[in-house]
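Next up is a structure, given as structure tokens.
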Amino acid sequence: MSKRSARSRRAGLKAGLPPGTPVYTGQAPERDPVISALEIRPDDLVEHAHLSPARCREFVRPGALTWIIVDGLHRPEKIQQLGECFGLHPLVIEDILNVAQRPKVEDYGEYLFLVARKLTLDEASGRVVSEQVSLVLGHDYVISFHETHPVLLDGLRERFRAAQAQVRTKGSDYLAYRVLDTIVDNYFLIADQLSDSVQQLEDEILNHPAREAMAALLGVRTSLIELRRAVWPLREVVGWLEKGGSDLIDAAERPYFRDLYDHAVQIMDVVENQRDLVASVHDLYLNSVSLRLNEVMKVLTVIATIFMPLTFIVGVYGMNFEHMPELGWKYGYAVVWGVILMIAALMLVWFRRKRWI
Amino acid sequence: MSKRSARSRRAGLKAGLPPGTPVYTGQAPERDPVISALEIRPDDLVEHAHLSPARCREFVRPGALTWIIVDGLHRPEKIQQLGECFGLHPLVIEDILNVAQRPKVEDYGEYLFLVARKLTLDEASGRVVSEQVSLVLGHDYVISFHETHPVLLDGLRERFRAAQAQVRTKGSDYLAYRVLDTIVDNYFLIADQLSDSVQQLEDEILNHPAREAMAALLGVRTSLIELRRAVWPLREVVGWLEKGGSDLIDAAERPYFRDLYDHAVQIMDVVENQRDLVASVHDLYLNSVSLRLNEVMKVLTVIATIFMPLTFIVGVYGMNFEHMPELGWKYGYAVVWGVILMIAALMLVWFRRKRWI
Amino acid sequence: MSKRSARSRRAGLKAGLPPGTPVYTGQAPERDPVISALEIRPDDLVEHAHLSPARCREFVRPGALTWIIVDGLHRPEKIQQLGECFGLHPLVIEDILNVAQRPKVEDYGEYLFLVARKLTLDEASGRVVSEQVSLVLGHDYVISFHETHPVLLDGLRERFRAAQAQVRTKGSDYLAYRVLDTIVDNYFLIADQLSDSVQQLEDEILNHPAREAMAALLGVRTSLIELRRAVWPLREVVGWLEKGGSDLIDAAERPYFRDLYDHAVQIMDVVENQRDLVASVHDLYLNSVSLRLNEVMKVLTVIATIFMPLTFIVGVYGMNFEHMPELGWKYGYAVVWGVILMIAALMLVWFRRKRWI
Amino acid sequence: MSKRSARSRRAGLKAGLPPGTPVYTGQAPERDPVISALEIRPDDLVEHAHLSPARCREFVRPGALTWIIVDGLHRPEKIQQLGECFGLHPLVIEDILNVAQRPKVEDYGEYLFLVARKLTLDEASGRVVSEQVSLVLGHDYVISFHETHPVLLDGLRERFRAAQAQVRTKGSDYLAYRVLDTIVDNYFLIADQLSDSVQQLEDEILNHPAREAMAALLGVRTSLIELRRAVWPLREVVGWLEKGGSDLIDAAERPYFRDLYDHAVQIMDVVENQRDLVASVHDLYLNSVSLRLNEVMKVLTVIATIFMPLTFIVGVYGMNFEHMPELGWKYGYAVVWGVILMIAALMLVWFRRKRWI
Amino acid sequence: MSKRSARSRRAGLKAGLPPGTPVYTGQAPERDPVISALEIRPDDLVEHAHLSPARCREFVRPGALTWIIVDGLHRPEKIQQLGECFGLHPLVIEDILNVAQRPKVEDYGEYLFLVARKLTLDEASGRVVSEQVSLVLGHDYVISFHETHPVLLDGLRERFRAAQAQVRTKGSDYLAYRVLDTIVDNYFLIADQLSDSVQQLEDEILNHPAREAMAALLGVRTSLIELRRAVWPLREVVGWLEKGGSDLIDAAERPYFRDLYDHAVQIMDVVENQRDLVASVHDLYLNSVSLRLNEVMKVLTVIATIFMPLTFIVGVYGMNFEHMPELGWKYGYAVVWGVILMIAALMLVWFRRKRWI
């Protein structure tokens, strides 16, 4: 929960600053941004690391596709410098740094500005941690901005290195698609982990309804909402791209975006399903608690109903009246025991018929 | 539940692979795909079985309608080979194999790609098992892909064998309609079985609210959601076909698709109804539990309220004070009994008036 | 509930039959269909009863309006014969016989096919029974199909007999309007009866919350859903007619359809209202149950809290220690009684202040 | 509740009558309708009372605006006569008399037919009573129909008498606006009264949750629904007028209708708010009840847990065994008291630590 | 709550007054409005304070942007005078004074009329207080009306004083954007404070579920609704401006409005999230209460189940029958103790296995 509230808090801290002021609002650990560039050409692939922001523009050359990866956002001035090289609107720079954006796409003519959210499941707390990935998609280049090291994309980079020439001839739209696809595929993993948690909690709750399970269930519910918040607007973004919203997306690549759209819809489906299941498990829990109460009360009632009359009877013959004829009878004691056993037996029969025991 | 989570898990396993890689993600038991072809001509009907994927294309001839049935998806390379013969887009192949698709239709100009979901009710667990049926609808042919042997369609095949010439003159659109119709008609059976379960659970719960009934109710609820997930998007698919979304659907066949659309809406109606009923039965259950608690508590209270004062009274005369005049009275004991009976009687009258007993 | 599930069951039984096969799926008692025709002319009105389906077409003559009433659907072949005379599409015949249709309108150019649902409240079970009324609206004729004898329409027929010439000059659109209007007006009666039931249950529940009332409430809720299912799609049908969806509806008659549309909206309003009220009464019931539990527990607690300490005190002086000085005191017994009464009084004051008694 | 169900009941009673039959379906006390006319001219204002319906038309003269007020609807024939003078459609007459209409506007070319609902809060029952106000808006005249004496409009009439020439030059559209505005302004008063009730109930429930408060809350909830039912469709009506749906509304007057629209939206807002609040108060109530139960049970448990062991101990020394060494000890009695006090003290400490006392 | 109901109450008080009558309906403490003007020119910035409303118009000169700030609305006649100078429609004046408006924009051609709501969190009650800010946006001027001193805007004014020439060359649209942006940024702060409260309440409730926490939760819920009511319609307003609804908004400034739109959506997101969380915490609370009841009842049942049989046993040997052989046995007393201890031990084992202790 701290994560989510933190996101808006940072946004809140900015209140009062003039719009367009670049301030990093995320929570990634402090470190210097590392900027690298990947020149993808049909015949080869050149990598440049630790670039200065001012020189990045040089690596964008006609006939090649350049992928600039900005890993870390702690030096707003660097991001700003990079943005100026590529002629980005001040509000784009601001949105890259203010990492509480919802997934969105903005068309600035020359380039598209895309925001998506990368999710990780924090093992310790069992909650989803959300991070912003911003993409600037120009004609010959893609710039991707990451709060932390983009582990997910390492695989993608590797594949470009190893890929056949064919893939390397694709344009920046295909590269953007691959980045988004990697992010969305990761949502499936998260969804699976959450779904496993729900199932585990269902079993736990059926066996022993405890407060901890409830808190864990609340955690899963919160994570599912976080997942939905990442996917739902992304679906619209991808839909817009697929429907030919921008000239930067080639018609030939649209089936890929349609596929991505389908994936987003599928995740939404899983999320809605899981939310429904969480609600069901919650109901199950409440039922368990109240059935258990019923059971406890039945035990109490059975015990009390049997022993209260008996205690009364023995109390009667514990009275000290001088004139109590039964006390002198020879078989008085035995008769009392008989009465006691009979009452107990009748009670037990009655409870059995009421299906209480 | 395992089914549903498995579906997204497989999708998750694919995370990282380049898009378009064909991997079968379903859970059908391992076996070799069997490909057969049905040449439907006005005057005769030829069947070919155990075809090699590369030769399938040969059976598609002008003037006839060929139905190619792919039974089993465990050899991705075979599906891929078949797809290449028919010029299918790599993403279509991928979607055929990645059997977690929602029902959808995609127009690739030359052919339509349709996905529907076949449902079976697993008798043992009482839960719905969902399987993907993919259709490729070309001008002279229909290819249907099935995870397990398409039992439902055997009847349909039989009917084509037996049919009058008239039916055999219809095009691929009519065949696709018949396949979808068979799948949708089966939904009615499932809906009926679920609806029977709900009614049975309602009776059970009214008689004896137990934890097992709750779990079963949860199962029905999950199955209804699964059914809705299969029908809801299919409705849109059929609606799109009916509204003339594609040239491959002849205007003359549209009333059939409208009929199919109506069926889908009808099932949605039944599903919504049953979900409402499940919620009602759930409420009924909770009410039963709390009424039962009330009843238990009333018994306890009646018993305690009657015997506690009486036990106190007999306790008083069990005290060993030397100076207790009542103990020496001749009718002391009888008077105490009188008091005891009177108190008990008054209590009973009071409870009767409160309608507790 | 049996009714609803039965409806889809019949539909289910049809699974596997080729589409367009006419099978009656309703539950009306078996009997022979009676076909009658009403020739409505400005100057006179001729009635023909017990017609053979093949001859019906003869009664449709230019310059007159013919109303053909088919009472009973148990001989599919008769309906089919009739349909063929009027050139109805096979799917129309199928829909007439498969009486689980939602209200709808279909435009076949030459004629309109309308489905509405007639509701009756079964006195015994308190549940709504739904029956399909199908209308075929041609230029000079209206054919209405009924599962059971159309009691509602007898009045309408009577009125046509008695009507002034003016009404008799109206077209088939006006007749169809009158039939639908009669069906919709009947919904108001049903809504009133349901609303009376809710009010009665509210009173009952406030006085004595019992399981039977809950079950009855569930019945009303189910009936309201059934009513909504009949009205909601009918509203759309009427709206389409009113907006001039078909040439068969004369612009001059549209205000009547608008009026009908308003009525449908009004019923929806009443239904939503009643559903809200049912939910409120359900809440009231739950509150009653839990307040009652509270009351029971207070009585138990008051009794136990007063008598447990007292029983302990008298128990103390029932001990048989040799050295218990109080036992020998002259006023020991009196003092104990004093303590007992004081404790009881203090307890009572305390409970009074806590407003428990 | 009686009101609402009565509304549809009357509509139900009409079932079977031919459409267009004028019958008054309201519940206003029986009395003769009073028809009066107000001729509004820039320079003077003439009032005519107790007009016969047939003569009304005479008071509509070019160059003046005539407001005809029909106070009481118990003589359908009078209303019908009036309607015929002004050439109103039979369905309009029917809708004026069938006072269960939802707010709506119908364009008959020559005139607009408007229905709004006037609400009054019945002090005794605390429930909202709804009454229909019908307006016919022609070019030079407005006819308003009221079930009971239009108290609200007396003020409006007064203001027209006193108004400057400028207001009197306005057309019938402005007059209709003023009538609707008066009705809508009154909704604010009702909303305030309901909102006060909610607040009062909130306080009551926090102090002492009783069944009466629940019933009152249910009443407020029902009233809020009634208010919403009056406002929601009216909003659409006004929106249609504002958007220039009819030529009878002058473009210059549209800002007034926009203002009215805003007011309707504002009331909807208040209603939604209050409904949410009612739900919150209901939750608060349920919580109070269950917290109270918890409290009661804690008292019972504390008492039972302390005194049951003690009673057992003193019971032990009340046994009459011949060989019970403790009984002969000198300090036996004192030791038992010591044990008793110690146990009681330990229990109290334990409960204190559990925060039960 | 008093705030909200007060808002509509004032509106209610106006009922009956002719529309367009200017009455201040807010609750700001009584004081004289202070009108000041800020002439913003590229090269300098002139401030005028304590202006008379009639002279304001003089400060609007071509080539400059004038910001007129009206601080306090208690003299309707002053506002009216000001409005007349600028040719504002009487309904605009009325809406400025009737401070219960929802955020909206109205296009009067010459000027836009905008309403937004400024929120403050009242520390004492923890509830959100809402205040109306009205903006009139002309070509060369912006007039902003505030109920209380516009603290938020002081910073903005300061920034204009200090700003570079560039900002000062912007038009009235940019100024209006800055005012709205300041208001929206403040919503983030409120959202954060509410979100902190929820988290705090969550912790509190997990530790000790008390009635106060419930009431506080209800307060947060109410505040979130208030926040939503301020943001939701504002989103539409900003969306309309961004989409070029008015010529007064320059295309070059639209990205700013899009940014504002995104912010509004983000806040909606946070609000929905928090509402969900409030619901979860509420559930948690209910669960805590019922688990606690379970725990209490288990203690009671364990105690009663152990001591009731024991008390019965010792009661048996407290009877005074003359013939009770056990009483004379030498080890009778010891045997009874043995039985007692055995029973107690068995019970404890049984409870342990049931996991009650």
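General remarks:
As written, the chain order gives the labels A, B, C, D and E, with residue 1 at the start of each chain.
The rule is short, and it goes like this: a residue touches a chain if its C-beta (ideal position, glycine included) is under 8 Å from a C-beta of that chain, and two chains touch if they have at least 3 such contacts.
Keep in mind the model is a prediction, meaning the values are calculated, not measured.
Judged by shared residue numbers over all numbers used at their interface, chain A and chain B contact each other through mostly different positions, with under half in common. If you average the Cα atoms of chain C and of chain E, the two centres end up 42 Å apart. Once the centre of each chain is set as its mean CA position, chain B and chain C turn out to be 26 Å apart. Within chain E, residues 290, 293, 297, 300, 304, 308, 311, 315, 318-320, 324 each touch two or more of the remaining chains. Order of chains around the touching ring, counted from chain A in the direction of chain B, is A, B, C, D, E.
Residue ranges on chain D touching chain E, taken from their complex, read 155, 159, 167, 178, 181-182, 185-186, 188-189, 191-192, 195-196, 199, 202, 206, 255-256, 258-259, 262-263, 265-267, 269-270, 273, 276-277, 280, 283-284, 287-288, 290-291, 293-294, 297-298, 300-301, 304-305, 308-309, 311-312, 315-316, 318-324, 355-356.
Note for the complex: chain B touches chain A at residues 1-2, 4-5, 8-9, 11-12, 14-16, 18-19, 89, 91, 94-95, 100-102, 104, 106, 208-209, 211, 214-215, 218, 221-222, 225, 229, 282, 285-286, 289-290, 292-293, 296-297, 299-300, 303-304, 307-308, 310-311, 314-315, 317-320, 324, 326-333, 336.
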